Each structure stands twice: as C-alpha cells, then as structure tokens.
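Each of the next two complexes has chain A plus one other chain: chain B in the first, chain C in the second.
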Partner chain A sequence: MDFGFTPEQEALRREVRAFIAQHVTAEVVAEMEGHNEGLLGVTPGTSRGPAVKELFRKISERGWLGISYPREYGGQGRDRITQYIVEEEFARANVNISTAGSSAPMILAAGSEEQKRHYIPRLIRGEFSFAQGFTEPRGGADLASLQCRAVHDGEDYVINGQKMFTSGAHYCTHLYLMARTDPGAPKHKGISVFLMRLDIPGITVRPLWTMQNDPRAPTRTTYGQSRTNEVFFDDVRVPKTALLGEENKGWYIGSTGLNLDRVGAARYLISVLRDEEIINWIKENRFDGYSPADDPAIRDKIAELWIEAQVCRLMTMRSMSIVEHGGRFAYEGAAEKVWAPEHGARSTETIAQMLGPYAQLLNGSPRAIEKGIFAHNVMGAFQSQINHGSVQVMRDQIARRGLDMPRARKASR
Partner chain B sequence: MAQCPMCGKPVDEAAVRAATSQTAFGAREVDPAAGTRQFHDGQWYYFDRLECRTKFMAQFGTGRKP
Partner chain C sequence: MDLLLTQDEEMLRHAARAFLSAECPTSLVREMEKDPKGYPDGLWRKTAELGWQGMALPGKYGGLDLPLVQLGLILEEVGRAIAPLPLHSTMVAALAIASDGSAAQREAVLPGVATGKKILTWAFAEHDPRLLPETVHTHAVSDGGDFVINGTKLFVDNFVAADLCLVACRTAPASDGGAGLSLFLVDTGSAGISEKPLITLAKDRQSEVEFRNVRVPGPSLVGGLNQGAPIVERMLDRATALLCAQMVGATRKDAEMAVEYSKYREAFGQPIGAFQSIQHACADMLVWTDAASLLTYEALWKMDQGLWAGVEVSQAKAFCNEKCQAVVRLSQTIHGGIGFMMEFDLHLWFRRVSAWAMRLGTTFEHRARISRALLDHPGRVVLGRPLPGSAHG
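Right, the complex of A and B next:
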C-alpha cells in the first residue's frame, strides 16, 4: 500500500497551485461573492461574470475539466487520483471544478450512447447542470417511498407529483428525476429515472429558504446553500428517450449515482476546509499580547480536529482508489458520508467554543469574524448530516452492505 | 377555490400554481407567499401557508388518510 503521490502527480499539484495563484484573481473572487453555486455558475443564464467565465476557459484549456471521463465524451481519460489532486487544489481556493456532479457518472453507467454523447461533454464544459429530483415531502430519508408518478401515454411519459429540497433547481438547466412507473411493484422496484430540461411546460419551482438565509451566508460558507426548492410537476410530458436506463430499474441507477457522487475531493473538503481555515486564522491573529496559537487548550483542540480531518482525507483516497481499480464499492462512500459531515459538525462546534461569543455573530454584523462564516457554518453543518443521504440511512447501508446484516426492523410507533 | 385542510381558509388554487417569475435558466417560478400545495396519495392538497402543510405532514405524512 502506497500513500504517496508519484513525482508527476506532485508536479501537477505544483502546476495547479501556481495557476491558482496567478488566475484566481481578486476580480474572480469578487464575481463569485454572493453566489455559492460552485462552478455551475458558468451555465448560461446564471449571474457569473466575465472573469469567472475566462477562468473556466483557461482551466478547460489545460485539460483540467472532466479529467477522469473518457475522451470520446469530452473528458481527458486520465485517472481519478489526478482528478483528485486538481479538484483538491481548486476546492481549497473555493473554486469547484466538479461541474459534472452526480449526473455524469449515472449517465455514463446507465445511459444510451446518444444520452452519453449529448449530456456528458456539455456537463464537463459546464453548459448543462443537473439538479437532483429525488426527495419528496412525505418520504424524507425513505427515498424509495416516493409518490411522483410517470405514466405511459403514447410515445411519451406524463409526470405528476412533487419534489422537495431540490437544491440547484433555481440555477440548473436540467433535472434528473426519480418517479414511480409501476405503483404495483415493491417500492424499490417500480421506480425509473428521467432526464429533462427544467424549462419545459408543467414544471414549476418554488423557493424554500434554509436557516442560512437570514442574513445571507457569505460565499465561503462551506455547508449547503441558503436557498433550496420545491419542484412541482403538472402533466409534464417527456419522450421515452428521457428515460435513463431500463424502466423500473431507477432505484439502482439513482443509488449508484449517489454513491459515486460521494467520492471526490470536493465532498471531503466540504468538512475539512473549515479546519484549515481556523488553523490559519489562529496562527495569524494576536489580541493584546494573547496569541491563541500559544494556548495549550486551543492547540489540543486544533490537533484533534486535524487528526479527524486526515481520516476524512484517507477515506476519500481509499474510495477513489477502489473506483479507479474497478473494485466493489459497496459501503465505503456511505462510511465517508457519515464521518465527514459528523466531523464537520464537531469541527464547527469546537471552533465556536474556541472563538467565543464573536463566533456567534452572523454576516452583516460589524464585529463578526470573517463575515460570520464560522457562525453560518455551525448552522449549515447540521444540514450537511441530512442532505445527500442522512447519516442514519448511511449507517444502515454500512450495516447491510458492509457488514452483511439483515434489514432493520421498522421502529414501532 | 380550495380549502386548506388544516386551518380551513380558502386557497386560490390558480394563484398557488401561477408562475410569477423565472429561474436563471427560464424555469417557471411560483410566488412562495401565495400558499403551497402537496401531492399526497395521488391527489393535490392546497394550503394557506407553509406552516399548515408542515402540520399536515406531521399528522398525515406517514400514510394516514386526511
């Protein structure tokens, strides 16, 4: 087992760092301010400015977008560790280059040749972006109990229903939707996945604001977004070509996509960036002769956070290695999805304790530290334990897929 | 007009469904102040406020009939 990087990989890391130092300018940062959509902001119609678009052109020119995707679909055909190194450096600079998200791995795994050629190159280039239409109000974490219906009508499907917590529906171009196509089948077996534009007739989006919204969280806030959405479907008509993979096999396609989306530097850094930020802040600040970096209690806490962060990093590296080598990726993503957000929650609470009352001031307060990112992160860290598969559901997956335990009994009410 | 199943107030179904703006990419957006609705057991229910729907969910979310 080798935990090191090759000389070529180290050279690439230096190259990316030098690029970031030169091209992620104050102008780029100013344009990103107020938008925490990641690099999905390059999608036409969003409010990103010319500096960010130019940055993306240069990143693309160097072949750093879609690194591990096959060349025939617009990627670079390189390995996932290379992708990890590039993503990690950009994520540290608050530039998310994983534009393809969880939709591209899903389309690559289950899509028709036509779907792959249509969607994947555009996802890599950031021309398309997918919001994820999975969760419903009634189901919550029990995704398989979804009620949104897709019914055959001639050459089309007609969709009626509702999705909730559809992050990104207000700036994405497309939606991948899980809908029930066989209501008579057991709940995991009657579901299909559809790909569709968000601007087609019958789809309406309703804003839902999270507790990070008031006041609005600053851009560098790590966890979640201040706005999410409900999406309603009223007789939405999509052609049969919108179906991804086989009809009624959507549960397996969707859960594979979710699992693969949990692999990557950006996701691990969601929980670890705050550790790095607070370490730097503590080293750089002195108050009337007091240096928090000299305080034994603070040093102790910081060391503890750093150790936990390294566990996050190693779990991510392991997952990427398994996927890269075509191994059985059964529960490792779920383990990462438990450890990283729970570490994030512990981390934000520890930071709040270290910084004292000022750390509770939100964006807009004149005495807020770093525009209140630490306070906003405390709130957002709780959200991160729920979205994209709650930590409770992830633990259940580990028990079943990793430890071969039977399905849990339903709790009695 | 529909009736909110929780508070009993009338809810204008057309207003709840009407697009009043657009997302950055052109998807239709509804006014969050105009009430809301929910697709429950194959049927739409209309609510006066989000709080009413939250109460509805707490009461009927796990499958009990409204």
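Right, the complex of A and C next:
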C-alpha cells in the first residue's frame, strides 16, 4: 500500500496549479458563469465561448488531455493516477478535462481499430462528446429491462424508442446508446451498444427541467443549471459499423463502462467540495460575535463530515488504483457510489443546520452566502444518490458481486 | 499512490491468517478468557518464531525494520482471530523505546522483545480517562540517583503478563511552559507496586496499578526529564492506529460470519441472505469495514513516512469506534437469537470490538482533536493536502 504521490506527480500538480492561476482568468470565469451544464464545470466538448476555447487549446498544448490514453489514439500514454491529479486540479477550477462518461474508456476497451482511431483522439480533443442513452421512461434502476429497439435492415440498423435523463444530449455531438437487438433472449443477453451522431434524421431531443433548474445557480453547484433531456428515435438508421463490440454483448460493455463512470475526480469532488467550502467559510466569517466554529456541537459534526470526506477520497484513490491495475472492479466502484453521494447529501443537510435561515438563500438574494451555493445544493446533492446507478441498486451489486449473496426467489404468497 | 496490497503484503496477510486459523481456535480464545495470565505461552513463542514481535523493530536490535503498515497487517489478523496475545501492548511500548529510548534502553529491552522473551505494556490513563497530559497525576520525584513514583494507573493492558511497563508520570506542574510529563520504564515486579484486576467486557487482562513509593533507578527515564509529552503522544498515536487495525480485522471477520450465516439460514421459504433488507445491511457492513481499513492504513503509512499523523489517527479511531461497533451490532441482529447464545462464537468478536471502541480515545475526543486541527489554525483547508499549521496537533 502506498498512500503518497511521486515527486513527479507532485511537481505536475504544482505546474497545473500555476497554469490555472495564470490562465483561468476573470474573462474565462465570466464565460463559465451561466454556462454550467455538467458535472463540475465546462468541458472541451461543451465550451462555446472564445476564452474557454482558448483555455482548452492551451491545456491541450501542455499534453494534459487524455493523459492515460495510448499515444496512438491521441493520448499521452501515462498512468491513471497522474491523469487523476490533473483532472482534480482543473475540476477545482470548474474546468472538466476528463473525457466524461463511459464512452472513451469503453471504445478503447471494446471498439474496433477503426472506431478507436475515429473517436478517441476527437474525444480527447473535445471535438466529439458523448451523451449516454441508457435510461428509459419505464426504468432506470432496472436498466437491463430497456425496450428501445434496434432492428437489422440490410447493412443498417433501424432504431425506434425513447430514452430519458439523457443529460448533455442538447450540446453533445454523439450518443452512446444501449438498445435491444434480441427481444427473444434473456434481458441481459439481448442488448447492444451503438455509437451515433446526435444530428442524424429521426432523433428528437426535448428538454426536461429539474427542480434545481436556475440559470443563476453558481458554477460549482452540483448538477449546475440542471437541464436534462428526453430523446425520441423514429426510424433512426445507423450503419452496422455503429455497433460497439459484438451484437447482444452490450450489457457487459454498458455495465463495465458505468463502473468507470462512477469513479474519478469529478465524482469525488462533487460529494466533498461543500465540506471544504463550509469549513473555510466559518473560519473566515462571523455573525456579529458568533461563529459556528465556536459551537462544540457543530465542531463535532464538522469533524464527522471531514472523516467521511476522507473516506470519499480514499475510496476514489482505491478505485483509481484498481483502474491502474486493469480495472477489474468487484464491488469497489459501487461502494464508492454508495458512500460518496450519501455523504454529499448528509453534508448538505448538516451545513443547512449550521447556517439556519441563511441556508435558504439562493444566488441573487440579498444576504446570500457564497452565491447561495449551499441552498442550490440542497436540491442537487441527493441527485447523486440516484443517477448513474442508485444507491439501492449499488447495494444490490455489492451484495451480489462483493459478497456473493443469493438472488431472491419469487415472493411466496 | 496504490491502495491495493503489494504481493509481499498479500503473502504476509495470507501466512498470518493461515497460521492463526490453525493455531488459534475459538476454544483457545474461550480458555484464555478464564486464564489468569490471559495468553498461551506456546502460541506466543510460535509468533516470535515467525518474527511478529521483531518485525517493526530496528535490525540492530534483532528486528526486521519493516514498516508499521506491515505490523498493522499482522495485528489485523490477530484481531480477525481475536487471538489472545499481548502483542499490541508489547509493540506499543517497544516501538516507543525504539524511537525515543536511549541506546542502553534499546539494547536492554528490544532484543528480548524480538525473541518473545519480554512482554511489555504501558500505563497512561488515570481516574479522568481522557488521554490528555493534564489528566496525569501519578508523579515521579527525583531522589538521589533514583526516581520515586506514586499514583494509580487504570486500564493497563496485560500488566499481569508484562515484564516491563512504560509509565507516564508527572515530574513538573503542567503550567510550567510544558506538559511536565516524563516517561519511565518500570519493572513490573518492583517493590511498592500492587495490581487489581479489572473485570472487563472483553474478558481481557486489564489492571488498576497502584504505585506506592516505587523506586526506579535514574536510567529508567525514557527521553528527557519533563520531555515526555511528545513521546507519549507519538506512542498513543501508534497504539491507537494499531488498535484500529485490530478492530478492522475483528470487524471484517464478524461481518463475514453474518454474510455466511445469511446464506444458509432459511426463513419465509428462502435463505435470509436473499432478502434485500439483509443484503443492504451486509453491503453497508462491507463498505464501512473497507472505509475503516483505508483510514487506518493511511494513518500507519503516514507514520512510516516519519510524518505527524495525529489527524489521520483520530479520523481512523473516531470512524472505527462508530462503524465497527455498528457492523458487529448489525451482525448480531442478522444472526438473530442464536447470535447471543453463549455457546455460539459470535459474541467473542462482538464483545472485543465493542470494548476496543471504548479504549484509546472516544469518538468525541478524536473528533475534538480533528476539529481543532481544522478550525483553530488560520488558513484554508483543502482535502487531500496537509492542514494549515498541521506540523503538530
């Protein structure tokens, strides 16, 4: 066990921090405000303003995009821990340099040589970005019951159906779609994964607004302005080359990818940044003569949150270690996906009890604290417990894959 | 950064587990609960042959110079088997002598520890059980070339088995610009010492030890006069982190027993492990135990780097106190009535994990220490980086 970073990694961290101090300028920050659609800030794929675009060009110039991807596909061929360090520093500045989602790692793992050469360099550069078409109106948690159909027609597949909670579909270039190709097979064995552009005929994207929707939500809020989408497929025609991996083997690809999507710098920070922010805020601010930092009950609670946040960090580091060793998760990704989001929600609720009525105040309100981030977050923090595999489904996975516990028989009546 | 076990660490764990599962059945654990000395000589000798007592000690004194992380792995296995061995108390005192004792003290004590011939312990807590310098009233007074110790220590581990005891004493008032503590290495057979056994939940050997005009020679002083507080702090931090390792081992085994039981115990027409209520409880037990383990080994690893690990130690113990206790409680509830039958083994683990959660700092004490580090030094805190002003607590 080694809990430290190498001197080279520490030096790189300092270099990235210095870069951020110099290049994430007031102009860049202003462009990012009100442009807040994903996990922790802007990504190369979603940046539209000139200042942010220029920032990403400079980041790319330094070789900080796709650090752990092979050189032949436009990466730097370095280790995952090093990539994590750079991702974490940028995420702290609201810049998301990771190739978000499970598309890039799964194309690398399961794609044809052609697909790898086509997609991965462009994903790393931010020319392409994938939204994930998994969940459907009738099921998110029970993902394998999906009904969106892909049917052979000559050299093509024709897709019909509907997806929900397809975040990013309104600005991403591509879709990473799970669809049913064999309705006769057991539900896990008739699913395939397809890669397609989002602007092809027959795809309709409609907005779904969440309770957190607010254009004034500060940049660091969990789930930002919080728009997601529903996506409709009407005779959408894609060539056979759109298939990722083998037909009807998509469940394995999808679920392996989801494991990778559940871990990493953005997922970690989204659960713990509020802890840092509240501690630093109460250290630097008082209500007249009173500081929550002097209250023994609050001090105890803060220490408890801090310990929980350390567990989030350590579980993330454990997941990164597993990825570095080849990415064979048993239950550890699910463990992180239970612990960290539940911590994020506990933290948000505890902070509300530290700040009392101030915790209600949204951005723009007189007397809002830290642009109302703690109030915006009350509506966002618990969402992490639901999306990308709910904590209940994650506990099922831990029991099944981590502890080999039996499946339930049909309830006896 | 690699939080997975190395091959060497895996092998060490595997060997220790195989050894204890062969040599330390629960019948032995039960037998030793009634034994006045509390441990079996034979098992203790065999662990010395495996090098457990010497592994983290300096090579110069018969040790193997291995890191605390590896000693932690051994103590985790000791906890897993709830092996009745005075290893924890011996290592806590021996490591303090190794890091802060004189060359003569090391020479006199450590080779005997490494070969298993000497059993050690340490004494800090008194009537006020908090592990703070101001709670120490037992005092040592210089008299000729000797020191004379008077006072009463509580919760002293394995005193009845130990040859030597490190005793924290007051040698100056706490107000004189320092904590005023000194540490003495005392022969447990010294004249003037009387011992009363405490009757404990874990049925382990803990004592109330009274020192009445106990005369110890001048060279028994470990470290400088009145300079004992930082030595004691380091000793208690090591003791706490190593106890956490023991708790993690015992807790994981206890949780595994619940999972196994749930797979064959049938109710309502199926194994109870098929019910989600049981599955989700078991999932939490695994997540919490993993978390306790990660926090514990980070603390030990940090000490191995020669860094102050006070906050990490307190993180681990505060978490273990709550979550290891919760795991063994959930395990009891999953077992139902059979779980608290005397003849069923589960309570052997429950009672020990519960008792260890009560020792070496409560959840509240450790969280208070963390909040001091977080809130009482100027400067911003950042997760994953050293805290401002954290060179020392």
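The rule is short, and it goes like this: the second predicted complex is superposed on the first by the 388 of 413 C-alpha atoms of A that agree within 3 Å, B and C clash if a C-alpha of one lies under 4 Å from a C-alpha of the other, contacts with A are read in each partner's own complex, and residues count from 1 in each chain.
Simple rule for what comes next: a residue touches a chain if its C-beta (ideal position, glycine included) is under 8 Å from a C-beta of that chain, and two chains touch if they have at least 3 such contacts.
Quantities reported herein were computed from a predicted structural model and do not represent experimental measurements.
Trainee: Consider chain A as the common anchor and indicate whether chain B and chain C clash or fit when overlaid.
Mentor: The answer is fit.
Trainee: Once chain A of both complexes is superposed, is A:D199 in touch with chain B (first), chain C (second), both, or neither?
Mentor: first
Trainee: Considering only the touch criterion stated at the top, classify A:A11 as touching first (chain B), second (chain C), both, or neither.
Mentor: After superposing on A, A:A11 lies clear of both chain B and chain C.
Trainee: Applying the touch criterion given at the start, work out whether A:Q162 contacts chain B, chain C, both or neither, answering first, second, both or neither.
Mentor: first
Trainee: Is it chain B or chain C that touches the larger share of residues in chain A?
Mentor: Partner with more touched residues of chain A: C.
Trainee: For A:A185, is the partner it touches chain B (first), chain C (second), both, or none of the two (neither)?
Mentor: Touch status of A:A185: no partner.
Trainee: With both complexes overlaid on chain A, does A:M211 touch chain B (first), chain C (second), both or neither?
Mentor: The answer is neither, since A:M211 touches no partner chain.
Trainee: Please work out whether A:A30 is in contact with chain B alone, chain C alone, both, or neither, and reply first, second, both or neither.
Mentor: neither
Trainee: Look across chain B and chain C in the superposition and give the shortest C-alpha distance you find, in Å.
Mentor: Superposition on chain A places chain B and chain C at a least C-alpha distance of 20 Å.
Trainee: Shared contact residues on chain A, chain B side and chain C side combined as an intersection?
Mentor: Touching chain B and chain C on chain A: no residues.
Trainee: Using the touch definition from the top, list the residues of chain C that touch chain A in their complex.
Mentor: Touching chain A from chain C are residues 1-6, 9, 69, 259, 262-263, 268-271, 273-276, 278-280, 282-284, 286-287, 290-291, 294-295, 297-298, 301-302, 305, 315, 318-319, 364, 366-371, 374-375, 378, 380-384.
Trainee: Would you mind writing out the residues of chain B in touch with chain A in their complex?
Mentor: Against chain A, the touching part of chain B is residues 17, 19, 23-30, 32, 36-42, 53, 57, 61-62.
Trainee: Under the stated contact criterion, what part of chain A meets chain B in this complex?
Mentor: Residues in contact with chain B: 43-47, 136-138, 147-149, 160-162, 169-173, 198-199, 203-208, 230, 232, 234, 413.
Trainee: In the complex of these two chains, what residues of chain A are touching chain C?
Mentor: It is residues 1-5, 9, 81, 88, 272, 275-276, 279-280, 282-283, 293, 296, 299-300, 302-304, 306-307, 309-311, 313-315, 317-318, 320-322, 324-325, 331-332, 335, 338-339, 392, 394-396, 398-400, 402-409, 412 of chain A that touch chain C.
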